[in-house]
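Chain IDs A, B, C and D follow the sequence of writing; residue 1 opens each chain.
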């Protein structure tokens, strides 16, 4: 039995194993090489794979991601790190106008096999420009895939899947999970678009992803104590998301709450809720409820951040309200 | 830090052999005749969207692209027809693309602003000013890391110099000694504004700031461009990035249909005096090429274009379902919807 | 009676009148001054207001919008033009991390009174990087307001409202509407967040905004011929959107279709649908349906663009399906 | 184009009168003592999030901000405490902010990375490297257009030089002759990497490329900074943008808690030899200031900090409902939800 790893080490191991398996894989980012990454997600990789394949870059997010696209079009499989998801605002052209569209707009001549890894999320009092969850932006863009691993096992397997996937993938980690411990299975299937039933239940479905999985688990425990069996779906992939798994669960429970850390309005949960309201309308016995962040920037102060982040209380209340 | 190109011993432009000059001339003629044909087609409503033509700038495309080897790559701009044609894209596939036909090189999905031919290392025209710079930087990085021996070229206009991407990419290319050439097509115009009102620096000084050697050439003298391009491309292959600034002229509007009210009539009237095609033809005649040979070349190019256009007109319009299939690459990884 | 204006001239007149009314209003953008704007939306303003207040800028979208934020924090009310909405990818940091958050993160010390005008939309065969509808991104960001005027009258009034609003507003025009003719009322109320009932009906509600309003009207005409009376709500404001108007209509018709030109998945319609599915669930007699662009980039070729854009056919079909 | 600052006749640094030097010294002492206090508070868990301290860089803040008039404005960086303190932000409001209390200058919503005081023309610290450059450019544009007579300063680090924003803003400032000073705090480090491995150009050459005059000063000599800042700020007021590059030293880690394994022990050990506080104190003593006066100054600053800290500790944590009300400005325009 292997020792449990931290989430951040599972990321490093996925990168290492992917680089060992395929010489086209390379890493680029700010302080990812000599310093082993600002969150240590690339520790040891410079020594293992050398300075050509593990590159410290200047603070030039826009061109860094653009260069990854160019490298991907010239035979490499770059994995770029954007230190905080908030900084991806500087690189949206490269992601959206170049990486996402190249295959389509060039008539299928090429693929753009690149990965953009970036941490989102609060809980560290990192303030309004270092905590945002912007995954809904990417999910809206045809040509991109978006994945958000919530467990240590998925931090490994889904990153391997993202690197192996032929098209650009945005891998959203949650920085509050980096210290989480767990096991990985290097032979686990590497799937795109498959959700995971985290907990089976019959009374209501909680659809979630990322760090909110843990709030959902706490909520389910508390609901169970009151005799309510909630099913938890860890979506994992946001684009494409696993409609089959979600609809199957709703068909069983007839009640659904979608919970995520991102701002609720116009967030990922909106699409899931909208699809349920159109495609599974007849299965519903109650309004489709969402639990997400309120419509305000995330603030620095402890009280404000704590009030902001969706938690088990709000999930419990929402589930009960679907059962009321 | 790359050594200074200024110290390199330039091949004199007039040392280019006549058959090579004839080939360059033919490339320019192909570009000119294609662009002129497109201008007419556009006016006649046969081309959807908008197109930016490179009439007057043919020498840059012929000279620079002609200096590249098969392993090399480049990213171009919204005004990219010439570069793609010079690289030898199949003319029928090109016309079909610009006209939005199913058989276009990009299936009619990109059109003029997105012509690409990955099989030839053409990473695409681009609708985003400056976006080709990082693409070429990354391509050069791949050449270096994969040891392909290739060089990547970024074409960009003088207006694009104002984008931060130039700064970021000059820096990365210099830091990493990338095999890359920054080719500025300086036609003096940034859309409807003279670039002199838009950009306070000069490319030679910017290059000097980053330690990237800069050469400026008469971009309407194809032999001069070809010689300079050969030199900078080979220098970049081993010695890190180079800048080649080509002073040239935009004959048409920013896009077809642009009435160019912002432009001085004298300037427009004077353009033909600096016609790269005429200058090349004169040089060829002086080198002993027969007038009739040049006329035959024109005819032969025209015939090729006629055939390509005919094929394009005969081609079907693209089918939406087929297009949808190229949003993602088919993969054996279990995929969702 | 004033002569009818084109949409693009209504924009120019709103800018002119706002500049005349308030010396703090200034314009910045590429070719907005001497050339009168790439779409002529700023024609005549350089002559009327001089080169300090009407500035041609270099092609530097990122810093241009950032400079507008700095100017807004120093007493100006800048209106910046981004030539095509696709190019706003270069300026997301300034909009999202700076403009949207400054008031909140500085504790309410200041406002950021700026407007970012930009055209979205297809129909001109402008291809994958000159046609995108990205308004959902901005609607997801607390601190921003987003408006999308569909009529000539609104092109004037809502732009005036946006300029008068104390916080950053993204004004999304549709380039296919620039040639549209209509009347303006310079004294019309300048409201934030108010929708408009474009057509009253009792059988189903069509919620729409932007150019899709015209497809909705055509659809409603065809439905009326079959005896189905559709109510059309032109949302106008996407952030904040007029919940009251939408819920009131759903309470009346019990059926709803949301139609817009943007990609359907994770688009603006998802949020509206999700809110209806939660807050108006008991009013619904049918699934909430959406009509938006398919999940692919918009292509250049005529056939492809025509197949891509949501049209009256699809809206008619959706409305009928809610009534089936 | 602005005239070259190199031709200006500099006020010799030693001509600064002693009372002015004492004021500068006091500012530096306030910054040093505040940062040192914050370091301790952070280690003790009294400060949430992360903080970047400017210990070793006090002379830049004191010298540059001291040269500004009341109408001037500036945008600063993630390492911005010193600038804001030098501008005279109320110390209690500052401590409350960094500690995330309700009474903080920003209501505890921004913290260290977003300290702002609009009443003093402080457009905020910034969590986005390079983002202060366009903010200051726009602020300068507003000064120019509104004829406030004000100058806007952009503080940025040497690592930030790699962002395209520098290029774009140098260009806009030069084109429009904006009243703006680009102040680079060059401490040699870009997070955990030496900036020499990250940036291939130099600021003097970049300035020259855009025609923006550049001055480099010993950023640990407060008198030199003050003199140079006075000169460039006044030059910028009428004559367009200037660059002031201050060579300085970062004593602490990139953020508090950074073990700085990437840093050579000798380099760290050598830092105090170039301590701007010690150098300033020595100059004051040489100018005849009594040792006891300096000691009294230290005590008085410490007392101020003690009071501010006490007030901060006594302050409540912020209330979420109150915060929500500042997402938008109340307006009479009919507003939705």
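Convention: a contact is a pair of C-beta atoms (placed from the backbone, for glycine too) under 8 Å apart; a residue touches a chain by one contact, two chains touch by 3 or more.
Quick caveat, the model's predicted, so the values are computed rather than measured.
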Handout entry: Which of B-C and C-D has more C-beta contact pairs
Key = C-D
Handout entry: Farthest-lying chain, centroid of Cα atoms versus that of chain D
Key = B
Practice task
Using mean C-alpha positions as chain centres, tell me how far chain C is from chain D in Å, no decimals.
Solution key: 40
Practice task
Could you please state the distance in Å, as a whole number, between where the Cα atoms of chain A are centred and where those of chain C are centred?
Solution key: 30
Problem - Whole-Å gap separating chain B and chain C, where each centre is the average of the chain's CA atoms - result: 36
Exercise for the section: Could you give the separation in Å between the centres of chain B and chain D, each centre being the mean of its C-alpha atoms? Expected result: 45
Problem - chain D residues counted as touching two or more neighbouring chains - result: 104, 108-110, 114, 126-128, 162-165, 168, 171, 175, 197-199, 323, 327
Exercise for the section: For chain C, write out the residues touching at least two other chains, lowest number first. Expected result: 57-58, 60, 62-63, 86-87, 89-90, 93, 97, 104-105, 127-129, 142-143, 295-297, 299-300
Practice task
Using the touch rule from the top, collect the residues of chain B that touch chain C in their complex.
Solution key: 48-50, 100-102, 104, 107-111, 113-114, 126-130, 159-160, 162-164, 190-193, 197-199, 262, 317-320, 323-324, 327
Fill in the blank from the handout: chain B partner, complex, touching residues on chain D are 1, 162-168, 170-171, 174-175, 197-202, 205-206, 208-211
Problem - chain B-touching residues of chain C, taken from the complex the two chains share - result: 30-31, 34-35, 38, 56-60, 62-63, 86-87, 89-90, 124-130, 294-297, 299-304, 307-308
Problem - Contact footprint of chain A on chain C as seen in their complex - result: 62, 86-87, 89-90, 92-93, 95-97, 100-101, 104-105, 127-129, 132, 134, 136-137, 139-143, 239, 262-263, 265-271, 273-274, 276-279, 281-282, 284, 286-290, 295-297, 299-300
Practice task
Give every residue of chain C touching chain D within the complex, in rising order.
Solution key: 24, 26, 52-53, 55, 57-58, 60, 62-76, 78, 93-94, 97-98, 102-111, 142-143, 145, 161, 164-167, 189-194, 237, 240-244
